Amino acid sequence: MADYVYGPGRTHLFVPGPVNIPDPVIRAMSRNNEDYRSPAIPALTKTLLEDVKQIFKTTTGTPFMFPTTGTGAWESALTNTLSPGDRIVSFSLGQFSLLWIDQQQRLGFSVDVIESDWGYGADLGALETRLRGDSGHTIKAVCIVHNETATGVTNDLHAVRKLLDAYRHPALLLVDGVSSICALDFRMDEWGVDVALTGSQKALSLPTGLGIVCASPKALEAAKTAKSVRVFFDWKDYLKFYKMGTYWPYTPSIQLLYGLRAGLDLIFEEGLENVIKRHARLGAATRLAVEAWGLKNCTQKEENFSDTVTAVVVPAYIDSSEIVKHAWKRYNLSLGLGLNKVAGKVFRIGHLGNLNELQLLGCLSGVEMVLKDIGYPVKLGSGVAAAAAYLSNSTPLIPSRI
Amino acid sequence: MADYVYGPGRTHLFVPGPVNIPDPVIRAMSRNNEDYRSPAIPALTKTLLEDVKQIFKTTTGTPFMFPTTGTGAWESALTNTLSPGDRIVSFSLGQFSLLWIDQQQRLGFSVDVIESDWGYGADLGALETRLRGDSGHTIKAVCIVHNETATGVTNDLHAVRKLLDAYRHPALLLVDGVSSICALDFRMDEWGVDVALTGSQKALSLPTGLGIVCASPKALEAAKTAKSVRVFFDWKDYLKFYKMGTYWPYTPSIQLLYGLRAGLDLIFEEGLENVIKRHARLGAATRLAVEAWGLKNCTQKEENFSDTVTAVVVPAYIDSSEIVKHAWKRYNLSLGLGLNKVAGKVFRIGHLGNLNELQLLGCLSGVEMVLKDIGYPVKLGSGVAAAAAYLSNSTPLIPSRI
Amino acid sequence: MADYVYGPGRTHLFVPGPVNIPDPVIRAMSRNNEDYRSPAIPALTKTLLEDVKQIFKTTTGTPFMFPTTGTGAWESALTNTLSPGDRIVSFSLGQFSLLWIDQQQRLGFSVDVIESDWGYGADLGALETRLRGDSGHTIKAVCIVHNETATGVTNDLHAVRKLLDAYRHPALLLVDGVSSICALDFRMDEWGVDVALTGSQKALSLPTGLGIVCASPKALEAAKTAKSVRVFFDWKDYLKFYKMGTYWPYTPSIQLLYGLRAGLDLIFEEGLENVIKRHARLGAATRLAVEAWGLKNCTQKEENFSDTVTAVVVPAYIDSSEIVKHAWKRYNLSLGLGLNKVAGKVFRIGHLGNLNELQLLGCLSGVEMVLKDIGYPVKLGSGVAAAAAYLSNSTPLIPSRI
Amino acid sequence: MADYVYGPGRTHLFVPGPVNIPDPVIRAMSRNNEDYRSPAIPALTKTLLEDVKQIFKTTTGTPFMFPTTGTGAWESALTNTLSPGDRIVSFSLGQFSLLWIDQQQRLGFSVDVIESDWGYGADLGALETRLRGDSGHTIKAVCIVHNETATGVTNDLHAVRKLLDAYRHPALLLVDGVSSICALDFRMDEWGVDVALTGSQKALSLPTGLGIVCASPKALEAAKTAKSVRVFFDWKDYLKFYKMGTYWPYTPSIQLLYGLRAGLDLIFEEGLENVIKRHARLGAATRLAVEAWGLKNCTQKEENFSDTVTAVVVPAYIDSSEIVKHAWKRYNLSLGLGLNKVAGKVFRIGHLGNLNELQLLGCLSGVEMVLKDIGYPVKLGSGVAAAAAYLSNSTPLIPSRI
């Protein structure tokens, strides 16, 4: 039953999450439960909390690993640092920023939304206007999605920090790094991010189930007075158990802890900078293929090109959801749908997580065939050739095999 | 590293959760991620939502499978049905009911706590007094833990329902079934439970990660007007996606879905009634062993004896946490600690989930040796003999092997 | 340690064996040992022995599943049917036929070797000459490798049978189907094959460890008088245990039995004819790519083109082993080395077993990059384009997803 | 289907092979195939060949890891060192020694069988008589099963060596260590064993599939002139590939190699001497239980008591195969059948491999219940009490948890 959609060979998983899990991680997770109150699990947890900070590039932050998804991690970031009615500035530029804004509103904050057309980055000019006008510091937080997964737009967090600094504005900087952290350049400490968060099923290449939230000292301080109602997502409970050395206020997934350990080990073995370079390489190759096919990137400006997901705009006479459906039905290829405003208009190629060059080229050749099948006049091989030309010049030898 | 507490042979896992996962479930979960928006996952989810109702013994209820733990499931049950300031009656009788009450208070409800000494069941007489005096129906909900995991106390839910009916009281009945559902007799529809909840790592014998909440039509109705702030735990989002047939407002754990499918299949193959009888058998056997050892059950009245966990009271001169520590260090046996008020005074034997007679007898023989090691004058073999005498009279042949 | 050659992403396994194992099979094998004398294992074995016959396309044959490799299966085929000194005709046309001939000689048979240049098929004319001259029936067996894995040459078994029939020659027909059975058209009964054999790690897509040998009634009859010394590989012991219904004269691998069950289920779900068509499709696509690259197939005649492995001849100025090494070091791609006479001259692309179109295209794009890296003037994308053009016209929808 | 004999909870596997596989080993083996000609597999193999020698306690021996079972390992030991017609002395004392003798005869050796009644050890007096009378050194080898799995009899190998030395007899000493090596005290070099062998599914606690044969320098020398026909089991092919550094003349099971690596790591972590002590402890505990039940050990003399398997004699009015059947049907307990001469008369408890105290006590309590069910007047708890009394005095703390 479980395999009632069986197709021969590997499934080619190119949605922008959940992503491919490395085999050693699948192995590490294939295990029975354990008593999480034995000495083993706290000892393991301690290493995870320490090592996961490297992924955020922070030494001063405090990480929390919630048994939840990205949506829960958002809620944790907001409710621990803010009080109902607080004014926050939030950028709307795609489905996931929209959903976060919806959450912000439902949680009772006064959300000052800065809109961008889908495909464009966060409007920092509009932010500057807000900051300039806010000498009273009514803005308590700026919320931004680092990488909008729906449109493949990466925002410039460093620029946001510089604006806040320029106006000496004390607003907290809350960042959704769900499809960026551990794949794109992200520097929590250097960029003064107050809360950063990601989900295990994205660049960390694990199953869904861990919402990892990292709080700066300033965010921890804010948590002491934040009045938003929270229990499950409350940092306070974790901090209490951290102090006790048992770490878990409620039962964690034993399997995900071992999986995270194995996943971090692989990331550190490859080297975080190499992981980021690999994503840059795969992103660039994908964009070259799209160009070769004569299609447009949903992302309008080069500075916002995302190295984790590419949203490809299809001609008006094609329904992009047909592409996704057909890829799955004929080639065992999973692509991302266009969502909301761009439903039917774009399909998405996720190129994040544990992935290599030939996997991507296999995907691109599949996209070419799908485009042809669906009636778009693509030259078979054109995108693969463009991508391969780039990759053959930029792919390093695998370090462990030199 | 991951096995740095390696001991030869199987770990004997007898904490009352997380519990032993059957091998076919571990196998079913040992898999890569998948696109949860492909047709496969909604089709799978549909079967799960339908079949999980059988575990709750409901045909009218609506289940929600949150990517969370029991603590999150509590929060979902409360915030979807109640508004800040609402008066609720809640029974305090052990660590987990305490934690739930703490959550109820932090979520802003007016909690009318009915205390019992630890080891005693919920004081239904006190409830009756409340109900009798509440002709104005200020009580919006009665919250009760079916099986208090800290003390091994099972409460009589049917009696609670009868009281509510006797006073024609419209309060919602919210039940924590974390260590009861799928192991003890639980009848959502028949007993008029409005919200029931459990966690995947308990009797369902899966990893931690699914908080399963089941709502009666009355609870769903209440959700329409409940004013508690909620987003991640909001039923509304799920109902919207149920209607659309895609089921998931945010990314589920693919692995847990396949695991739940395999787990339910095993439960149905054994037969839910047989699963419950097996728990009754193992619970009775455990109590006979405790008696043979000359030790006391923390549970004071036979009517409250729990078939999923037994809290064993140790003599005053023994620190029960030494028993737990020693069992793990010498015999690879994981027992449950005494928590809070009974810390140091009881240790707990979890006998729930995918477990059989010889596993339990192995555990009991281990407990005997630990008791001897720790200085309690136990007669080795006494508990095992008492338990085996019972089991050898009550254990049926394995149906598939007759 | 086990992963000390770790590279990010999937390994692209394109050696002609051992081949990719489907995930459901890996899952089915991830299990503890079991008592092989319990009723479960014979019941499972019975289904396997019955179903494996379909792979051989036989209803009259008797299969034996030896805990061994292809080399052991060879030995079983020979020693059970022949006596020391027996004259056998054997075709030499590549490394694996050579190794089998070496075994035939070491086992004491009088081997009449018919040589072909590597890249050519079995010389059936020479066989005819032998048969014509053998009115005394001194030839006891004709041994032929259906698909020579070293050169990618498929022989015409039906033609061999027709020759034997034309001369009414009673010689046994012994066939190495290691890289053909379950991938290429193979018909044991129709073609009058007396012993056919394969290994689990080839088209069956399992780990190494089962040498499956199938004997015709005539072969079983021959076994009664064959004087070759044999114990481990003796069919007699199996036949005795088949009769007893316990099936196993010595301990089988429990894991491989469950794996074979899962593997056969997948093959039957896809349909054996569809499996064979898939191999034909992938083989044709591969050859089109090779042609587009301007390289030669080691196989000289179209009638011998193999749909499971393609041996690609490289220009004299290139050492093909550098291609294999480089593919592994830079692109995590495993290709087959040239062996013996064609060492350094060919590299091999295995396209058998559980494999699909996009996996192959990923491999082909990798080969293109490797060729470029190594100094061969390939046009990137050319082979992929040629293969994709073919595949996009020939690949059916995945039946379970229509 | 695969689980059509499903029973809840763990299967209690107490046959003397195949035995329980540790979870880390199952995990290590849950993987796809790999190219065995890549640099990774030879590197891995090299560590295995080096480390496996520790299990044999040899520094001068040469190990071979055949893709076969114990029966194949026997054949390899014999055919590589002996020539047809060679006189060998072999001890018959149970089913497995019988089967080996049957093989020896079928392979064409002149077997001088020394019989013992089942339950007794090898008759070394009879060997001495042979040696004394063989000044012409017609005896080419002495073949002995270290631990006869059918009767639970361990023979004194050191005494055999001393006899050979006393008579300065050059006969090779060939030892079946299938159910002893890595569990009982075994010293290849010190005891002058020329060929020792075991199977992966025994004390090494892996799946079936590796027949490990270790040859002394004298045995390797003998192999140069031994005339027995052999190909698959020929050491020569391995030695050739050892020299080339590629190690494998034919395809190994990738999974078993990684499994062996993980298994050896666990054995070394526990310490081989501790592994042996653990077996001694579990063996002694089992015998005390048998005594407490009022039953007899099939092994007649204390000096031959086996620490890996105990054959328990049942009263004449009980059919021991009913015990085995009932244990499996009611308690999910797998015990060993009585074989051949002791069929119906004994059942066997295997206590070898990756096993700990509480697992054994669970098994013993199961045996007690089965005995009662089947009509034997056992006092429930008696055997467990006797075993536990011993274990509670002898079991050390788990080193990694101190």
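In order of appearance the chains are A, B, C and D, and numbering begins at 1 in each one.
Note that in this section a contact is a pair of C-beta atoms (placed from the backbone, for glycine too) under 8 Å apart; a residue touches a chain by one contact, two chains touch by 3 or more.
Note that this is a predicted model, so its numbers are computed, not measured.
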Chain at maximum distance from chain B, centres defined as averaged CA atoms: C
Pair of chains joined by more contacts [C-beta pairs], A-C or B-C: A-C
Geometric centre distance via CA averages, chain D-chain C, whole Å: 34
Gap in Å, rounded to a whole number, between the CA centres of chain C and chain B: 53
Whole-Å separation of chain centres (CA-atom averages), chain A against chain C: 44
Of all residues in chain C, the ones touching two or more other chains: 4-5, 20, 26-28, 30-32, 39, 328, 401
Residues of chain A that touch chain B when the two form their complex: 1-2, 4-5, 11, 13, 15, 17-21, 26-40, 43-44, 67-72, 75, 84, 103, 106-108, 199, 201, 207-209, 228-234, 249-256, 258, 261-262, 328, 334, 337
Residues of chain B touching chain D in the complex: 3-10, 12, 20, 22, 24, 30, 266, 269-270, 275, 278, 328-333, 354-359, 361-363, 365-366, 368-369, 372-373, 379-382, 384-386, 388-389, 391-392, 395-398, 400-402
Residue ranges of chain B touching chain C (in the complex, touch as defined): 23, 26-28, 30-32, 39, 401
